[in-house]
């Protein structure tokens, strides 16, 4: 009993801090998003900031594009991360395992900014990749590989790998090898084992990994900004533009809120489709 | 045997991709950092880009400042995360546990960009915090709380919490409760239990969490840029400026490389001091 | 004060669940006391309350006459050997054993001497610098006990410490543990779900079920004069044979089994004709072909299987109503001809069977 | 072909370590065959090679006369009951049992019938819709066996399936498993480190040590006529008494123990005078106060402790050279006066002791 009381005295401030730093700014954002933009004048209540999102195609099209690309990123990351996680959790020797996890930590070793610039140097028209492709006769003239959506997705997948692999490793680790062997012994082939035993067991990890990756992609600013296509914006860039370029904080706040609401709705739909509950995912 | 071969066929591309996307750009960065900046002219080899870092105080001072603040962020994050991790792993009921982990996922739910703007709205001179502080008579006139280092560290700690809590939760979970009880039974007090039993057991998690948090803080761009002090730069901003503002890619490449080398040296020193090995940390 | 531990009216509730239900007992100085019960019966909860890890809901725990209410675990003169030993993996054997002494601010030289002496005593001289993971199961066991004994506790608590060992080693450690307790003279309180461990090692055993003590006694008493059907069934093997009381005379009851056989047997309850009872009859109490010996109960059963297990071999037999009765198979060539399908005559002395009133 | 399984010259090496070392055996159709050995002796490796999870380094595995080399586990007519059962937690009981049938494309109605029939047979009718976590330990056990038996394998492999159960339940499941095997008639291959399980259930037992089979035989043969010191020590309890051979005559040897006592005993090896030997003598072969019975070996020992364990009680005695000898304590009142410190005379028939040449 006393131990519990001590814990709450110790913990409560941390938890309150975590919560307040999320809740307070959002309340403030919410309030601001319902105000019209008339600096100095009387700030009246209005829905115009939200209406603009639905009326002007550029805004909601950007959002749809962002959501679709984030989904693609999530799916690609999952298919790349699953064999890696399986290998790390089940097949790798202990020594090799440490090495593989360090490999996955590498993206954190290098600032995202420096890494993205590295890629830009590599992929630009006068970069090394073009140089070698022309050298080996695969291209006749340099191709601009930057500012393409495929490059951007590659960048997003790269940054997201760890967030998918770590939850997958932990669920795959908790899978008793004997279950796989038992299924094999009872006559199941490889695909049956994957679909009937491994995937159902790994569902919580797949779901939590996917949520994090989807959210990180959706909220990323630097990679889409630096690597993404010239003619198409990421939704975070819209928000940034409202705050910095247009200095329209009310509009930016509304966009920020819409990002939160719409992405939550997408995740909610995803959970419903896969028959998961959020509580199960986290535990 | 066949299974292993299949794994390598399946895995090798993924691993190669992960590695190449780190190694290739860095080789390219390295090459570029040794070139002098004379676009169009003959690109000769030079050390000038590195010399500039050591000669001009602004550059290395920025780096030292970045490293110190990142270290402070790491230490604060550890002290906040440890009780939270301990509570999640040992004390919390299963239901509550899911809730706490979701709370820690919250920062991912909201784009870092939106969250930072939320804080800016909250803390600016005309923001809610100042309003209430004046209302309750704690201040006589509004204080600018943005663009202060303390605010920036708060933001960095906030973004880093999850990366510290997750490895700590997993090491604390693996600690057998009976060890704590045995130490208590043998006459140890609370501090002895923490220093002789819990901390030594959690060392690998503390180290890997600290590395990730330190690296993420060092490489962060958005939070220091938007929340940080007006008169002092983060080192990533220096790199960004070289690439974008000065368009001096050679100088930027040298700075990016120095960031990698110096931060690796700091982590190496930290590992030596705490008597850890990198292989132990990851496993 | 002759008792190292006195428990009075101890109760522990977790929410609505009563884990320990009005338990009383005393453990005399220097004795080996066991609490025997199935898992979940509350025996671990008692131990944890004595060690101080749980607070009793009500009742008194006295160690050498001192009330322990509100005394923290690190202040109590008892030590606990944990089920999975809980040796500190980050320390070597010497540091593990010295841990408690350091907490008491014993000087370095003194620690050195006492650790060496206790290692000698548990049969591990020179093992001080070994790492924990270098030890075998039996050696870890002894280090865990040494780590507690070096503190010279009033009472040593042991929480099923043999559970994790494999079969042959467990048999050996049983005997070793009893010898060790004899040598050091410390009071041991041992909890286990293995009746054989409790019987072999203990001076006194308490049989526990659903939070209550069913019976406290010497191993011989529990085995020979169980007070309740639970004790009869849990301590050693017993055949259970349902039937009805025909008459009661001279302290003996005459029962008629569901198969229509009539037996004389003793009872520890007062029975009346017509009571439904269960006869508890140990496999080794049943003799095969008892001949015309005076006053034996006898019955016929068919052999279903011979369960050969060396010195512990048994016949699995069935009565006409298909009730299974285990009969000990003596280790001599006389009974080599017994095989499944044959019918045999079996008999037993009326003192060997005990009747308990059945619930149904 | 009368053998369901034939193993010829089976070898399995992991790097430099030889886990299975030239093992040969046949398992007759419908029999219960056990492999008994300490942990790490290679018994699980044999089972996994039969199931197909490991490839043999060399040697032949034939099931019903068909060579299994290169046949994948999901194509072999054997099924394995795993040590920790490996029931699929994401499926209910019915789905678990139906899993193998579905893989064989059995129709839905047929699956329904066969699952119900097998649940009936293992004594769990109506349990089909239960979740795995709702079952007790013994019930899970039976579901795991049912899941394999429903596929009607040629051979059912069982990997210490009783290891996770608690003591009393294990005793009961031993008997139940033997009965089940009798009923269904499937060949069972059972591996265990518990000699009692192997002896009680099996028709034939192979005793395994360090990758080799030490002896194959019926439980009675292994217990009564062990071929090697390892078998004598592992199957049942044995006292080991070192000494030297004095003379050899009439198939018997006369030995002089380290305490100077002279015994006659049999041997399965040819001994010569002067050989150093160990006498293996079972506790239950030693009689207390044998009197003047003809031809008994007799000796005197001091009682150190009475190890009361009901029907399994023993005396821990010591010879003058401090060698510990366990003596079975018969269950009658005659020996109630025996207590620590007394010296007793003990005796045994020369056929009951076996000599093996000792290494030292």
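For reference, chains read A, B, C and D in written order, and residue numbers begin at 1 within each chain.
To be clear about the criterion, contacts are C-beta pairs under 8 Å (C-beta built on N, C-alpha and C of every residue); 3 or more make two chains touch, one makes a residue touch a chain.
From a predicted model like this one, the values you see are computed outputs, not experimental measurements.
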item: Contacts common to chain A and chain D (chain labels); value: none
item: Inter-centroid spacing, chain B versus chain A (mean Cα positions, whole Å); value: 18
item: Interchain centroid distance [CA atoms averaged], chain B/chain C, Å; value: 56
item: Approximate Å spacing (C-alpha centroids) for the pair chain A, chain C; value: 58
item: Between chain C and chain D, centroid-to-centroid distance (C-alpha), Å; value: 25
item: Chain contact graph, described as a line, ring, star, complete graph or other shape; value: ring
item: Set of all touching chain pairs, with the criterion as stated earlier; value: A-B, A-D, B-C, C-D
item: In the complex with chain D, residue positions of chain A that touch it; value: 176, 178-179, 181-189, 192, 196-197, 200-201
item: Complex interface listing, chain C residues touching chain D; value: 38-39, 166-168, 171, 175, 178-179, 182, 193-196, 199-200, 219-220, 223, 234-237, 282-285, 305, 307-312, 316, 328, 331
item: Residues of chain C touching chain B in the complex; value: 51-53, 72-75, 79-80, 82-84, 86, 88, 90, 99-100, 103-104, 147-148, 151
item: Chain A - residues contacting chain B, complex; value: 3-4, 7, 10-11, 14-15, 17-19, 21-22, 24-26, 28-29, 32, 80, 83-84, 87, 91, 94-95, 97-115, 117-119, 121-122, 127-128, 154, 158, 161, 166, 170, 208, 211-212, 215-216, 218-222, 236, 239-240, 243, 249, 252-253, 256, 259-260, 263-264, 278-283
